[in-house]
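Labels run A, B, C and D following the written order; every chain starts at residue 1.
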Amino acid sequence: MDFQLVLDQINAELRPLLGQGGQVARYIPALARVSPAQFGIALRTCDGQTAQAGDSAVPFSIQSVSKVFSLTLAIQALGEALWARIGREPSGSPFNSLVQLETERGIPRNPFINAGAIAVADRLVTLGDGKAELLALLSRLCGEPIHIDAEVAQSEHDTGFRNTALANLMKGFGTLDNDVTTVLDVYFNQCAIRMTCEQLACAAGYLCRDGRHPLAGTPVLSPALARRVNALMLTCGTYDAAGEFAYRIGLPCKSGVGGGIVAVVPDHLTLCVWSPALDPTGNSLLGRQALELFVAKTGLSVF
Amino acid sequence: MDFQLVLDQINAELRPLLGQGGQVARYIPALARVSPAQFGIALRTCDGQTAQAGDSAVPFSIQSVSKVFSLTLAIQALGEALWARIGREPSGSPFNSLVQLETERGIPRNPFINAGAIAVADRLVTLGDGKAELLALLSRLCGEPIHIDAEVAQSEHDTGFRNTALANLMKGFGTLDNDVTTVLDVYFNQCAIRMTCEQLACAAGYLCRDGRHPLAGTPVLSPALARRVNALMLTCGTYDAAGEFAYRIGLPCKSGVGGGIVAVVPDHLTLCVWSPALDPTGNSLLGRQALELFVAKTGLSVF
Amino acid sequence: MDFQLVLDQINAELRPLLGQGGQVARYIPALARVSPAQFGIALRTCDGQTAQAGDSAVPFSIQSVSKVFSLTLAIQALGEALWARIGREPSGSPFNSLVQLETERGIPRNPFINAGAIAVADRLVTLGDGKAELLALLSRLCGEPIHIDAEVAQSEHDTGFRNTALANLMKGFGTLDNDVTTVLDVYFNQCAIRMTCEQLACAAGYLCRDGRHPLAGTPVLSPALARRVNALMLTCGTYDAAGEFAYRIGLPCKSGVGGGIVAVVPDHLTLCVWSPALDPTGNSLLGRQALELFVAKTGLSVF
Amino acid sequence: MDFQLVLDQINAELRPLLGQGGQVARYIPALARVSPAQFGIALRTCDGQTAQAGDSAVPFSIQSVSKVFSLTLAIQALGEALWARIGREPSGSPFNSLVQLETERGIPRNPFINAGAIAVADRLVTLGDGKAELLALLSRLCGEPIHIDAEVAQSEHDTGFRNTALANLMKGFGTLDNDVTTVLDVYFNQCAIRMTCEQLACAAGYLCRDGRHPLAGTPVLSPALARRVNALMLTCGTYDAAGEFAYRIGLPCKSGVGGGIVAVVPDHLTLCVWSPALDPTGNSLLGRQALELFVAKTGLSVF
């Protein structure tokens, strides 16, 4: 299939819609001032073919897309033991809800809601220097140095009252082993990582290749764990729109409020799309449309 | 692949565990007196190959598995308009919860929780004689006459206070168009349909064949809708264990408290497993283990 | 104190505000067509003095004010045993919420939310002909025959989906002993009783007189139980505005969506105010202002 | 009435029950090691009469009883403007619940749940040195210097994850104006104040005297505000047992997990009872029984 043609078509169809709907995330200044009139898309197939269109080389704040990689680090090290105090079920409520956390005695429903990702960050703190290891993993995966945007990290910290509430609530329930401040430092920094669509399409390449490094072919995760990360992305990766994504797109996806979405077609390719304006569920408005177009044009779907 | 061998192995491995765990559903006498020491499994591939083992020819109460077929009837007739007052998101709470329904103003989260299936039954009442059409669809799909267990239907009606509450709550919110009693009559009867693993593996065959009739090859659903039903099964088909099923099994599944589970491997086969003893999430204990063994032995998974 | 003067002043102050705010209850036609431009107030002291002003002799639908009298009948007969499956705590959520009922396993929080009053009606069904006994009690208490508005009762029945949901949910949890339909018949009829402010001020007179009949002086309730009914009215009698009523008015009150409010000044008097337009909490807008004026002018308050 | 005799009788009746039920609060060491075998009671009438029995001169950690005095300071200064972002309704859920806070967009239901008291502490920070002013108020009210137990304050801080979560959640919603750490410092310190029953019965004396200083007679609160604080105590002062306290005791009360309870008989007296073992609602087990005996023996009740 001529993927470059497909991405060019998608870019051509969606670019006229830029700036016509959705809202850039506004809770921190560095995100609020990103121009909404940007759209990028990139993919990398299992056999190393690449394609890209639009603003695919513009770096953006990956935000919650980082949760895929922190989960990968933690499950690499801990295996199924990671799930001792973290669930694997869709949350059925907005991604940052404390209600679920209190009702279920401090156990976050899955590793992709904020509470769950904070619990994963806690395990990374126990295992070593979470922040450095996450950057090292990402740099290895895409073969280029990856950095944190210090201004975004600071803003996340300064405005992260709700995440601080989640972390303290979990600490009170015994879900976190480490100091709340240290754990949140990892979490706020991982959200502030900057990458391009091309880098993310490469970095997440192990998810479509049974866990093998997208460039080197060496194991990042076991085949079983790689497929399980995909399963979690499909059921929990796009906030409270996971059912809708599964219904309309049918691929494991992980989105972030920076406007990025990583999608996986197992055994075929990994895709990354980015456009900063979000729909009311917190997912990239054009990113979602791009993924719908992609599956319509290619017929690729896990179902 | 020699599927008959795979099913024989699964049957041999699990049969010794019969009666060692789980609990038969007890809320109505006809279900409570089913012997837990039964296990059946059957599959049918896209190209018409069949395999079966254990109690695969014993009829059982399909209960919520019927929700796949009532959804199919409704979406056949209404297409995407079906979703006007029914959601497509995982529920994140026990399958019969009123909390979600009240919080979200009477819109059930998806068509596989009880409230959602009652709303689907309401649409079938609008469209015609829901009960008769459901039996006709099932009979056509498996080429044999399918019946309702009148005792079970009566018991469902006599003890269905919570479903009556759900239906009345939705009626109050305007989610149902028809009389509550008429709608519940369809719903209670569909839960009381009796089928065997072999019949269900055949009847649900359109879901792995892009919507085509498993025997005749004529369209039951469009390819897109068939894949979307699979997506709903994966995200919402197994009560509050959907994330766990996706994680460990990785196939679209729909379970019922009678102990049956239908699973779909898109483009490959449809599988039905049955064992009456349930785990705490309301899914068949051995059925779940059988599906885990099946994917481990065959490597089949959507991820 | 010259209570007639006080009521005349209140009537004079509030009458110009008639029709300027609030909304008549609209969920049934018979209530929706009541003119909002009505205001009545009446009181009766422990020593038999009466005062009244405005539309104090106009009959209106007492709605939830009836819950005081059904509770009185039930607690007369059952004493503290009434509380076996009914709570005594404020609900902290809208008066018709199913959430609380599900979370607390079918035990209504108090006898003045709808679920609790339906549970009280269930006990009246066990004890005899609830509907007839309630009318008999009210007729005895005010020395005049009291009737049910058949049109209102029928409308309550025809539109009572949420109350039917509450009753079925409780039946499923084992909170109700009798058939749901029979229990709801008592409940829908008690809501449809018609009385005037003067009749209600007299009928509820036992609550300010240590439980003694307002005319005959014979015991209706023991002094302890009469005071306890007052306590329940203060903490639970005005839907989710009970705290606000206690804070601003400081008297045990029970309101109804017909616009009536009964208030008790223990050891002094019982007061009834009526005006059909409701505030957003479902309490009579002018009724509430009238009670605030009354306590400001008289200095009467339990605090 | 011979109140000394009444208190002696209560002490004699309850002392044999010491150590036979309930649980001392265990969440911090300093509370966990308090001997449960203690019971004290003291009262002070409007006209200055005092009575006391048992361990009425033993200092204990007043914990949430302090919320009455912090509310008094804040409402003295701000009047009704205090209620801009704090509710006045019973909470209907456990006293430390985040669910309510999230559902109601960060507005605490009332000033006596933890979230509400933290919001009150925020206002004290805006007004000045909350900690010092609270100690000054208490010292003035009982004519003796009052102190904070530094060990308890430190423990409250070290284990206060849930309160930190509540404060951060409110900060995120804009309910707090000041820095979370500064606000929590006031809150954790106020919980750690130590007083005796005799001191508290005197200090809270303005609540039964229309707001006048119990010793000097000068105004602490206006009569209207004093009565309103009593109303809040009755509807919200004893966690999720407020309805039960109103029903059985019928007096405005405020309890703390240190085992103290302050009760007010408006226009008559203020009472303080203390016994460290708590019932499952977090209220002093014997304290509650003592109050029930007191109202039974004296006939005093607001209803």
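Going forward, a contact is a pair of C-beta atoms (placed from the backbone, for glycine too) under 8 Å apart; a residue touches a chain by one contact, two chains touch by 3 or more.
Remember, predicted model here, so these are calculated numbers, not experimental data.
Student: Which is the least count of steps on a path of touching chains running from subunit B to subunit C?
Tutor: Minimal hop count between subunit B and subunit C: 1.
Student: Name the pair in A-B, B-C or A-D that forms the same interface as C-D; by residue number, over half of the contact pairs must coincide.
Tutor: So the equivalent interface, with over half the same contact pairs, is A-B.
Student: Does the subunit A and subunit B pair touch with the same residues on each side or with different residues, judged by whether over half of the numbers are shared?
Tutor: The interface of subunit A with subunit B is built from mostly shared positions.
Student: Most remote chain relative to subunit D, going by C-alpha centroids?
Tutor: Relative to subunit D, the chain with the farthest C-alpha centre is B.
Student: Any idea how many Å lie between the Cα centroids of subunit A and subunit D?
Tutor: Computed value for the inter-centroid distance: 47 Å.
Student: Taking each chain's centre as its mean C-alpha position, how far apart are subunit A and subunit C in Å?
Tutor: Taking the mean C-alpha position of each chain, the two centres sit 55 Å apart.
Student: Based only on mean CA positions, could you tell me how far subunit A sits from subunit B in angstrom?
Tutor: Distance between chain centres, rounded to whole Å: 32 Å.
Student: Which residues belonging to subunit A are in contact with no fewer than two other chains?
Tutor: Where subunit A is concerned, no single residue meets two or more other chains.
Student: Could you run through all the chain pairs that touch each other?
Tutor: A-B, A-D, B-C, C-D
Student: Once bound in the complex, which stretches of subunit B touch subunit A?
Tutor: Contacts found on subunit B: 87-93, 100, 109-110, 227-228, 230-232, 234-236, 240-244, 246-248, 250, 252, 266, 301-303.
Student: Which bits of subunit B are touching subunit C when the two form their complex?
Tutor: Touch residues, subunit B against subunit C: 97-99, 101-103, 161-162, 164-169, 171-172, 180.
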